[in-house]
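Pasting the structures here.
First chain A sits with chain B, and in the next complex the same chain sits with chain C.
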Partner chain A sequence: MSAIPAKPSREGGISESLYRLPIPWKQIFIYLSAIFAFVYLAGPFAWIVISSVMTSEEAVSVPPHWIPENPTLMNYEAYWNPAAIENMREERRLTVGGVVAAVPVAMGNSIIISFAVAFLNIVIGALSAYPFARSQFRGKTTLLVLYLLTRMVPALALILPVYLVLRQIGGLNQKWGLILMYMTFTLPYSVWILKNYFQTIPRDLEDAARVDRCNWFQAMIRVILPVSLPGIVAVGIYSFMAAWGEFLFAMILTQTPDARTMPVLVAQLSTELGTEYGFLTSSAVLAVIPPLVLALIFQRMIISGIGAGAVKG
Partner chain B sequence: MARVYLDQICKNFGDFVAVDTLNLDVQDKEFVTLVGPSGCGKTTTLRMIAGLEKISTGKIYFDNDSVGHLPANHRDIAMVFQSYALYPHMNVYENIGFALKMMRIPRPEIERRIQWAAKMLGIEMLLQRKPRDLSGGQRQRVALGRAIVREPACFLLDEPLSNLDAKLRVSMRAELKRLHHDIERTFIYVTHDQAEALTMSDRIAIMNHGKLQQFGTPDDVYYHPANVFVAGFIGSPAMNFIDGDIVHENGDYYFTRGALRYEIPPRLAQRLQESGRTTAVTLGVRPETIGVSHETSASTEANNSDGILGTVYVDEPLGSDVFLTVQVENAHIIVRTDPEFRTTFGEKVRLTFNPQKVYLFDQKSGEAIR
Partner chain C sequence: MIDNNYSQAGSGGVGIKPLPAPTGGDELSTWQALRMRLNESAEVRAYLMNAPMLVALFLVSAIPIGYSFWISLQKYNLRQPNDIRFIGLDNYISILGNAEFWQSLRVTAIFTFGALIGQVITGILLALLLNEKFVGRGILRSIMLLPWAIPGVIAGVMWKWIFNPRFGVLNGLLLQLGIIDEYQSWVGFDPNLAIASLIFVQVWSALPFNTIVLLAALQGIPSDLYEAATVDRAGMWSRFRHITLPWLAQPIMIIMILATMNGLRVFDLIYVLTGGGPGDATRVVTFTAWKKAFDALDFGIANSYAYILTFLTLIIGLIYLRILYKHGEIEQ
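Let's look at the complex of A and B:
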C-alpha cells in the first residue's frame, strides 16, 4: 500500500552491532585522571595518618609498609598525658619533650588566632566591602586596586619592617601581633570576595528592608548578611585557613610558646638531631582536624543556592 | 490615611535631570498611576516618595507633614517591587510578618494580620514555603501581602505586574483594583503599560523626559490629551498622526497634506480663528473612531463625500477586531474595525473621520489645540 520504499536494513542487525560498541576512551580517561588526582592528593595525607599510629622506628623502616604492625596511640598520648614525656629516654625528653608538651598550647593558640582572624575578616571585610559594592565615590577603583597591590609585595620583603614595627608596639610573642599581621594579608582578598558577592545581591532586597522599617544597620544584619552567607562563609574559611597554615611570620614573630602556632611547633619536631616521625605525623593529624571539621560543617552552606528565589529568576 | 503632595520635586543625577519640577497632588485613598516610557522618571519619583532616593530640590508632604528629609524606615509607606524582593532566607510567613516584627507589634497581632493578609490573597497554604519554591504569581501575592499587613498610609507599587505572564497580568490587574477598593488606602502605581494605567487608576500622571505631561482621570487623558505625547502614549493601537498645514478658504479651515484635504470641524476651526493660527499642525485621529468602507466608484478623487481615499497596506485580524493599516498620501493610518470588514492588500477604501473626535496639535510645540 505504502509507496515509501522500506529502509534498507543494515547488514548484521542489532545483535552484531552490540558487539561493536565503541570503547569509551573518554570515560576511561576521565576516571583514570580522577583516580590519579585522588591518589596524588590523598596519598601523602593517608601516609601521615597511618604513620601517626606507628612507632617512630616502624614509620621509617625499610621497606615502607601501609598497614601498621602494632598500631599504637602513644604518639598522641603524650599530648594530654605528661607522664608519657616523663617516661621518655632522657636525651629524647630533652630534645622533643618540651616541644611535645607545648602542642596543646600551640593548638589553642592556632585556634584562637585563626578564629579571630576569620571573625575580624568577616566583620571588617563586610563593612568595608559594602560601600564598594553599592556606592560610587571618587577613588573607588584606585582604592580597590591598591588593596590588591599590597598583596603583591613578597612576604620576605615585609618581614624585617613588620618585625621592627611589632617590636615597637609590643606585639612580638603576642597572639594579637600575629592576628594583626594575618589581617593585613587576608583582608584585601576578603574585601574583594565580599564586594563581588554583595554585587550579586539585588539592591531591591536592601530597599525592601528599608521600607520594612529597618535602619541601615538592621537591614544589613537581618537581610543582607543572611543572604550573603555563602560569601561570608567563603571569606571565613579562606581567612581561617590562611591564618591556620601560615608558617613564616609565625616563626619569626614568636620566640616563646605563648603565641606559637601549630605549624611552627610541627616544624620544630624536625631538628638537626633527628626527626621525630611519630610526633611529627600525629601533630600534623591534629593540625588537620579543625579546618577539616569547619569544611565539613560549612560545605553545604557554601554550595546551597541560598540566593535562589529572591527575585524573579 | 494620607494625601501625598509633591511640591516642585527635582532629581538630578550629575548633569542628567531625571525628574524636572514635578508637582503632584494625590488625594487620600486615591489610586494614581505614574505612566510613561522607560527612563521618564516615574520610578525615580516613586523611590523619592518612598525615601529610597534623595530629592535634589522640592518638598514631599504626607498630609501636612513634610517628609522629604525622612529615611524610608520613618515614612509610613509600603512598597511592592518589580522584582518582588522577597527575603530568600525567610519563609512566606516571616516575609509577610517582617515589617510588623520590626515595628515591635505584639506577636498575636502579627499572627492575626498575617492570617488576614494570607486569606485575602489566597496564599494561606504557602505560609511555610520559601520564596524559591513559589511561582511568579505566588511570589507576587506574597510581595503584596508583605505590603498590606503593614496597613500603611500609602502603597507604592513599582511595576508589580510586569514580570507576570500576559494572562496572569490581566487577572492580577483586576485583583489589585479590587484590593484597593477593599482596603481603602492611597495607591501610587508605576507602570509603562498604558492599559494598566487606564483600567486601574482614579487618575493618571503621564510623564516623559522627567516632566509631567498631563495629570487627569483616564477619560481625561484619553479624550482630552494635552499634547501629542499623551495622545500617542494613551490608547492602543496608538492615535494616528498626520502632519500637514492649515488652509483658510472662504471662512472655512482645511487641513491639507498633498492631495488630502479635510475640513476642520467647527469646534476646532473656532479655536484656530481665535488664535489666528495657520502654522504647521498635526492631525490626530484614534483608530477606533475612523469609519471605513470599500471604494465602490472608480473615482480617484482623494476626498469626496464618501471620505478620504486610501489603499490597504496590511490587515491584522484579531478575532474581535481587525487592525487595518491604510496608506493615505504616504502616511500610514491604522483603523480599528469590525472583523466582518474584509479587505485585500492594495484594495482602495474610503476613510471617514468623526468630526467630534479629531484632534489638532501644534507641530512645533506638540501642544493640543483645543
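Let's look at the complex of A and C:
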C-alpha cells in the first residue's frame, strides 16, 4: 500500500473521460481473452472426443474435419461387444484384439482400485489424523514430518524395491498390490488435510459429546466425522484422482491384464500400436470420464478446497 | 502445531468420562484392558490409531527407500548377476563424471524452469480474467477444471495426438489460421521445439490448480485498496504492480514450489509424448534413470540417479522453505 505513489488527486481526470468513450475496449478484451481461454482449456479434450466418434480414416484427414461427417460409436462398440473383435481381420485381431478386450477389464480395475484407495484413505487417514489434531503425544511432530518426508523421494527410487517387496508377499499383478502402493502415495497428504480440517472444528463439540457419556472414539465417529464431511470428501476425491491417474507403478507392477489400469492401457495403445487411432482416442476418452464426472460434481468443493488449503499453506 | 495449548488441555481431558467399572470379577478381559489403556494414554492411542498407516508406510515406503539406497551403493547390473557387490559411492562418482547425466540434468533444469515461469504467468493471467465480471464466467470456471481432471499420461497421449506431425489438429489449425506455412514436427525433430512443447503441456495440465490458488488470493484483496489507488490515479499496471502482485506473493511462492517439485520428477509426460527424443533432447533425469534400469538393467546406477534427484529436490525444497520462513509466511 505504502508503495503506491501518493499523487495529488484531481477529480474528473483524463482516465475518467476515457472510460466514458463509447467503445468498451476493456469488455472486448475480456471477452476475447475468455474465448481464447475457453479454447485453450477445453479444446484439446473436445478434439479427442470428436476424433473418437470418427472413423480412423476421417480422424487423420488433412486438413482436419472439425465436425465429423458421419459420427459413429464404432470405436466404442468393440469394448462392450466381443463380436466386433471377432469380426476384425485376422492380423488386426492378433495385434489389437487383446488390448481392446482388455479395456473393459482395465476400466473395472481402475474403478475398483481407485474407490478402494479413496475409501481406505478416509478410514485410515481419519484414524491417523485425529490424534494429530486433538492430542499431544511423544513424537507427534517427528511422525508428521516423517509422513510428509516419504513424499520427497521420487517414485523412481522406490520402484525396484517395491517390485521386490511385492513379489515377496505375492502382490504383483494384484489389485491389492497397487492399492497398497497408492495408499502410501496418498495417505501422508490425506492425513495432512484431515488434521487441518479436524483442527478447525471447535473442541466444545466433543466436550459436549463427552458430557453425554461418549468416549473419545464415539465422539470421533458421531460428532467429528459428520461435521468433517467436506474434508473427508476432499480426501476421497483427491486420493481417487491420484490412484486413477497413476502410471509408473501401474506399468511396472502389473504385467498381466488382470490388474492393469486404464492409464497403462491407453499408453500402450499410444506407444505400441501407433495406428489404431480409433481405439486410442476412444480409450483415452473413457479414461478421462470418471475423474471428469467427479470433478464436475464436486467442483465447488474442489475449488474451495484447493484455494483454502494452498493459501493457508 | 497450531493449537498446542488446546491439545494439551485435551489430552488431559480425554478420560473425562471413565468407562464403567469392570464388573464380574477382579480380572479385566483383554478387551477391557485395551479400552482402559486407550482411554488413559494419549500415546498408546495415537500410535494405535496410526498403526495401519505405519505398517503400510513401512512396507512400501520405508523398506524400499532404505533398500534402494543400499542398491545404489552396489554394483548391481542384472546383465552381470554374478558380479553384484558393494562398491560404496562409485556409482555416484561415475555418474557425476558422465556427460549423459549432465545432459539430463540440463534438460530437467530447462524443463522445470520453463514450466515454472509458464505456470506463474498463465496462472496469474487466467486468475485475473476470472476475477473480472463477464457473461459466461461461471461456465469458464467449470471448464477450467478439465485439464486438472485429466490424468498426466492421458494428457500426454492426448497432446501427442494433437501434435501429430502428419495429421495433427494443431498443424491443421495453425495452417488454416495462416500462422505456419507447412505441417511441423512439434516434438520429434527440433530439440528446442520439443522441450517447448513439453513445457506447454505441463503448463496446460497445471493451469487449473494454479489459477484456483491465485484466484482465491485475488478475491481476498480488499477492494478499498484498489479504490484508494484509483483515487491516487494509479494506472492499471501500477495497481497490478503495487497491490495485486505483493498480495499474490505467497500463493505464487506455493505455485513455484509445486511447479519445481513436479518439474523435477516429471516422467509420464516424457514417456508417452517424446520417449526422451528427439535423440536425447528431452531425456530428463527420471527418464535417463528409467533407461538405465530397464534398458541397461543397471539398477545400481539407476538408483544412484534417483538419489541424486532426491537430494536435489530436498535442497531446493529447503531453499524455498527458508525463503518462506524469512518472509514470515509460516508461523512456527
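Here, the second predicted complex is superposed on the first by the 253 of 313 C-alpha atoms of A that agree within 3 Å, B and C clash if a C-alpha of one lies under 4 Å from a C-alpha of the other, contacts with A are read in each partner's own complex, and residues count from 1 in each chain.
Here is the rule we use: a residue touches a chain if its C-beta (ideal position, glycine included) is under 8 Å from a C-beta of that chain, and two chains touch if they have at least 3 such contacts.
None of these values were measured; they are calculated from a predicted model.
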- Given the touch rule stated above, what does A:Leu273 touch, chain B (first), chain C (second), both, or neither? neither
- With both structures superposed, pick whichever of chain B and chain C touches the larger number of chain A residues. C
- In the overlay, answer first, second, both or neither for which of chain B and chain C A:Leu292 touches. second
- Have a look at where A:Met183 lands relative to chain B and chain C in the superposition and call it first, second, both or neither. second
- Query: Once the shared chain is lined up, is A:Arg210 touching chain B (first), chain C (second), both, or neither of them?
  - Reply: both
- Item | First (chain B), second (chain C), both or neither touched by A:Leu148 | neither
- May I ask you to decide whether A:Pro202 touches chain B, chain C, both, or neither, giving the answer as first, second, both or neither? first
- Query: Should A:Pro226 be classified as contacting the first partner (chain B), the second (chain C), both, or neither?
  - Reply: first
- Query: Which residues of chain A are in contact with chain B in one complex and with chain C in the other?
  - Reply: 207, 210-211, 213-215, 306-308, 310-311
- For chain A, which residues are in contact with chain B within the complex? 202, 204-205, 207-215, 218, 222-223, 226-227, 229, 305-312
- Query: How about chain A: which of its residues touch chain C in the complex?
  - Reply: 1, 3-7, 9-10, 13, 15, 27, 30-31, 33-34, 37-38, 40-42, 44-45, 47-48, 51, 59-64, 124-125, 127-128, 130-138, 140-141, 143-144, 147, 150, 152-162, 164-166, 169, 180-181, 183-184, 187-188, 191, 199, 203, 207, 210-211, 213-217, 241, 244-248, 263, 266-267, 269-271, 277, 280-281, 284, 287-288, 291-292, 294-296, 299, 302-304, 306-308, 310-311, 313
- Inside the complex, what are the residues of chain B that reach chain A? 47, 50-52, 71-73, 77-79, 81-89, 98-99, 102-103, 130-134, 136, 139, 146, 150, 163
- Query: Okay, in this complex, where on chain C does chain A touch?
  - Reply: 1-4, 6-8, 10-11, 13-14, 16-17, 19, 35, 38-39, 42-43, 45-47, 49-50, 52-53, 56-57, 59-65, 67-69, 71, 125-126, 129, 132, 134, 136-137, 140-154, 156-162, 164, 166-167, 169, 172-173, 175-176, 183, 204, 207-209, 212-213, 215-217, 220, 225, 228-229, 231-235, 238, 242-243, 246, 250-251, 254, 264-265, 267-268, 271-272, 275, 286, 289-290, 293, 299, 302-303, 305-307, 309-310, 313-314, 317, 324, 329-330
